Amino acid sequence: MRRNLNYGFLLGGMNMDEKKLINEKNIRLDGRKLGELRPIKIEAGVLNRADGSAYIEWGGNKVLAAVYGPIEAKPRHIQNPTKAIIDCRYNMAAFSVGERKRPGPGRRSIEISKVMSEALEYVVFTEKFPRAKIDVYIEVLQASAGTRCAGLTAASVALADAGIPMIDLLPACAVGKVEGQVVLDLDKEEDNFGEADIPLSVVPRTNEIVLLQMDGQLTIKEFEKCMEMGMNACKDIYELQKAALKERYAVFTEE
Amino acid sequence: MGEVVVLEIVRDHIHRLADHGKRIDGRGFDEVRPISIEKGLIGTAEGSARVKLGKTDVLVGVKVDIGEPFSDRPKDGVLLTGAELKPMASPEFEPGPPRPNAIELARVVDRGIRESKMFALEKLCIDPGKKVWMVFVDVQVIDFDGNLFDASSMAALAALTTTTVNASKFDQGEDFPLPIDHYPASCTIVKIGDVLMVDPSLQEEQVANARLTVSMDEASNIRAMQKGFKGAFTYDELMECMKKVQVITKDIRKKVLG
Amino acid sequence: MRRNLNYGFLLGGMNMDEKKLINEKNIRLDGRKLGELRPIKIEAGVLNRADGSAYIEWGGNKVLAAVYGPIEAKPRHIQNPTKAIIDCRYNMAAFSVGERKRPGPGRRSIEISKVMSEALEYVVFTEKFPRAKIDVYIEVLQASAGTRCAGLTAASVALADAGIPMIDLLPACAVGKVEGQVVLDLDKEEDNFGEADIPLSVVPRTNEIVLLQMDGQLTIKEFEKCMEMGMNACKDIYELQKAALKERYAVFTEE
Amino acid sequence: MGEVVVLEIVRDHIHRLADHGKRIDGRGFDEVRPISIEKGLIGTAEGSARVKLGKTDVLVGVKVDIGEPFSDRPKDGVLLTGAELKPMASPEFEPGPPRPNAIELARVVDRGIRESKMFALEKLCIDPGKKVWMVFVDVQVIDFDGNLFDASSMAALAALTTTTVNASKFDQGEDFPLPIDHYPASCTIVKIGDVLMVDPSLQEEQVANARLTVSMDEASNIRAMQKGFKGAFTYDELMECMKKVQVITKDIRKKVLG
Amino acid sequence: MGEVVVLEIVRDHIHRLADHGKRIDGRGFDEVRPISIEKGLIGTAEGSARVKLGKTDVLVGVKVDIGEPFSDRPKDGVLLTGAELKPMASPEFEPGPPRPNAIELARVVDRGIRESKMFALEKLCIDPGKKVWMVFVDVQVIDFDGNLFDASSMAALAALTTTTVNASKFDQGEDFPLPIDHYPASCTIVKIGDVLMVDPSLQEEQVANARLTVSMDEASNIRAMQKGFKGAFTYDELMECMKKVQVITKDIRKKVLG
Amino acid sequence: MRRNLNYGFLLGGMNMDEKKLINEKNIRLDGRKLGELRPIKIEAGVLNRADGSAYIEWGGNKVLAAVYGPIEAKPRHIQNPTKAIIDCRYNMAAFSVGERKRPGPGRRSIEISKVMSEALEYVVFTEKFPRAKIDVYIEVLQASAGTRCAGLTAASVALADAGIPMIDLLPACAVGKVEGQVVLDLDKEEDNFGEADIPLSVVPRTNEIVLLQMDGQLTIKEFEKCMEMGMNACKDIYELQKAALKERYAVFTEE
């Protein structure tokens, strides 16, 4: 039984010994197959003020990403003379979870912001913008497991929308273990009561892994299966990212 | 310095247009920008609404919880309003704890709700002195093009009128809608030179002398007021504002509730 | 019944249904007529270190105002190249209210500081001091309704005492509605149990309104009456401000 | 650099005067500046006093409330002392949370009260482990011309001796005066060159080598001590200080209580 | 700029050595630095251990207290892990509240303990919903030469396995050892060019492309994982890492517990 | 009975009326004579990264001191053009006391840091390093009364270890009154239940006092005795400091 400070209480009356998250036909509570993603909808260019933006709905998640920059990094002493800094800030809105979240970044948000910044820095041609800063803001408006993956998926679309040169987009998704089986894209109950959760992000062009975290319990064999399933799913998500940018681009050319 | 020069050019332009009865985006002086409202979009919130007022985009989420009342109001539920000007919405907004602009926004939205007695806090008492319903109104600005006061007030009105108190989750009987008594709406007017313009855009706010925000209930009673910016109003201008507010808040209320 | 987190409890045993704030002869609990101010005493030049200062006693309010500046604004990036910044900080002492106030600025103080700064900026010739800053500190030592008006009234006297060129002084006072009647300068009980409260400040020379807030319930007609009563009262307060400065000046010339 | 040069000139001047047995404001080495005391001036406080020590001006307000005792002192009331060096009092003081100078001031004033057992905290117990009287002593510096330690201690003494515990407000019987057992007074001495001067003004503090603050009770017991600044005292100087403190605290106590 | 140049020289040097199968301090790619462990050195802590991993020096203290459980886990004890990168340990660390690096360290150490179910939080319940044991794991870095994750995890493992719950102090029966079920160990691997190196020193961390920290239990189950730095791993590299981790965590566990 | 928020509860069941801290033979609970120090062990040069360091065990205290600098003080506006700033930061580890201490500096730590910085500044030739800063970090790992004296004793050894020119080392120790008698180096129970506590630090070469605080109750006569006892003890501690540095130096020459 995994820890989750935010959602556990929602399941108050539920007796997990009786309830099964996956039935005998390998169908999950929400009707998905083991390797099936929740519905994903991505839209690029949704904000006016930001230099680039994207909105993603992914299962019960609703996440906005906005990009400002590159602009000169300030104060000067934070500048890197050889490349741009990527400063990604992940935030959950007060009303995005069951129990109201107090405003301001907690330890979880700070850690997620850090691993996201590192992942994005790998794909952006930061050396093209010495002394500059690129700000990426991720706002989770409604959360339902997998927000960091939804956020990172949206963030790279927002960077592209801002015209920032990149090696590639960054699709991301979670994979894990529930009732002994490897499953893709855990939903909230699976995340709460499953045995392992691995958010990961892959550079589609090179198949390299740039974001990887895990908690729970897995054998090495199971981890291999997880990685295969997750890396495959990232390819599907990549297509949705490209489609969102094409649609945005199409709108532009029509104007 | 560059910014200062640009601002001067915009100022001149807006003033010159105003002399000819025009606004920079073609609107009439008393014309509010297009309003679009989406209610109930946040499933994790007990109430929510997103309001686009022109290019200004604001999301309000309402959370309801159980807590202790304030010691001086043991029989009243608690209303807490917060606002964050997230850097997502504008390059002017910085990360970190709320600054004076965000605090003023939160307090003006709060007064519009509280002073209009939009809902009776005494109806949100569970156990006097010990347990009351707490209503958190969180304003999140998503895109900023001026007049956050009205956009946020509209979103708060829309969100609160669709809020369900999740009593069953806390074993407090059946869920029930927040008991709404009044429907306040606010209207913001800026003074640019000698001209009064309603619903200022960001460019208009930047060059305005003075700003007045008035909240009225459905009987056109004034419920809250806030003058802002570094300029002044004459008595006559204030009274002219009141007339405008009376008309426009009726319109806005209809749009938000309708 | 209006909200007031600080004083409500002081009236614990009082039954407001029985107690009347205004009697049948239109006399208020403290003996004042509807349009009568509480006693006001202003003294200019009360501090040694500050460049200008004033002390005001207004009914149960005791408020100090101190001015430092103009001096170069620091750090440089806050400078305005065309004029001085006015930074007014309103603060209530921990012991100034019934229940001890925790030190440090709360949301109420920050809002009041903002509207005060804006009002003062209108009357100071800020364009005479580009890149400078003028600090105005308001310390409420004892509070009893109407502190922001008392503070602003003292602040403009302190600015004059500091020799800072101004269009005019800024008298301020509150007006409101109590038991259906328009009344001037609400005291603590009237503020707690009245129906509306309007702090306002007027430039005497031009009759323009530079500070205006309101909460409660008023018809437009009642608001008109309030404004007339308040604007008139500001003229009386203006005389007290000028007298305080004259007295201070007189002392100087005697020396 | 300009400031440094001015400070050097002042330093030389003060040293030269000291060689001739004089101080910059004409006082004798053991002479305290004029003291004026106003008690009970803050009606919203349970006790208050304003002390002017020369041009230094300090206000102390005492608030009394009911709260929980510390877990390791379940039968003791609580004394909490705070000090704020507000920018109103001096251009050197900055807004924001208390810095080391303010914290040292609060703690030295607190020790003077606490260690002298000025009032017995055990007499401020209402319900052991649950409810005790909490005494908040807040020091607000209004005008700063040196020797805040003594000015604040005097104001604290004056305020506490006139404090009424507002028991009736909390339904805890009749109001009663804070039960005072001891009357501590503090005396601060600086060393400038080889000379010891009591009650330093700001200019003297700025050029002093070392500072010693000693708090004594009415029986001339030492109750608290704090050496400050970047210099040193010899043993003999310390003992000379003690003699001066013994005399001066008696004077001060008389003035404050009288 | 100077620093950047020096770093480039170090980077070239480390890469060139790696091409020849060598590391800057002479170790093999899969070789962990010397480990020394001192347990129980802090008498004021309920458990403690100091781990030196090469020149990295980390102290973990465990405090046990009684408190309230989280409302969504009323029957579970509470585990709280904190880490401070004190400026004592390195000129890079600044005073003040924990920054992202310290927060990531605390959270990775925490996950290693929590996800391995090192001790059953449900066994630390005293009175469900009201009183539980709270276990505070505080990581204090004393000297910093890279790989804080593994050094801190080792120290946490060593400290927790020697922790005594001080029940008698709280009148909760006899003291008892923290009931340990699993013994997690972590191994950190960096990728420099195409080479994987375990237990990176500071210089190696500074030039590494990517970092992977994996926590395994005594049955070689993966319990927690954290990829760090701005580079990437291929699938094959990840699987190679897993094999290394399996071997090395066994070694480390033996050394820490032995 | 003196206040001590941290340790008092440890003595919960103890009845202080019966228990005596000093027996009729003037022997203290831990077997020491009135003027006897607890065992002290000092080691210099214990850290790798710091420019200088020292570790001290003193009775139940375990304290580390580290020195960085002199380096240019930043930001520039904190620089003193005529000498170096000494910034000493005293900190207690969360686990160093009976009840876990919340991380971050409290008011007590800030005051101690201030008096320590002032004391150290007296012995360092700060004028040799204009515009520079010397950071001294004191970490109390285990506390048992007298931590500031142990910390200051270690700090001056760490400064010497860093090669920073000084007038002299700074030995420090506490002296006080327990059950009516003047005693040296109070332990935890004596500190909790004694009548007075005086931490002091002396420059051995000149016998000047640079750190001096006191709380409790003492006659002037008793204070004199305390000072004599404390100043003498500082001489003994000074020998231990020098020995620690010699040992460190000896190790170097052997290499």
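By written order: A, B, C, D, E and F. Residues from 1 in each chain.
By our rule, a contact is a pair of C-beta atoms (placed from the backbone, for glycine too) under 8 Å apart; a residue touches a chain by one contact, two chains touch by 3 or more.
These numbers come from a predicted model, not from an experiment.
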item	value
For chain B and chain C, chains touching each	none
Required steps from chain A to chain B (each step between touching chains, minimum)	1
For chain A and chain F, chains touching each	E
Distance from the mean Cα position of chain E to that of chain A, given in whole angstrom	26
Whole-Å separation of chain centres (CA-atom averages), chain C against chain F	51
Inter-chain centre distance, chain E versus chain F - centres from mean C-alpha coordinates, in Å	32
Chain contact topology (line, ring, star, complete or other)	ring
Ring order of chains, beginning at chain D and proceeding to chain F	D, F, E, A, B, C
Chain C residues touching chain D - in the complex, by the definition given at the top	12, 47-50, 60, 62, 64, 66, 68, 89, 91, 93-100, 103-104, 135, 137, 139, 141-144
List of chain D residues in touch with chain F within their complex	1, 4, 70-73, 100, 103-104, 106-107, 111, 114-115, 212, 217, 220-235, 238-239, 242-243, 246
Sites on chain F touched by chain D in the complex	2-9, 81-82, 107-108, 110-111, 113-115, 118, 121-122, 198, 203, 206-220, 223-224, 227, 231
Footprint of chain C on chain D - complex, ascending	41-45, 48, 55, 57, 59, 61-63, 65, 82, 84, 86-91, 95, 97, 136, 138, 140, 142-145, 169
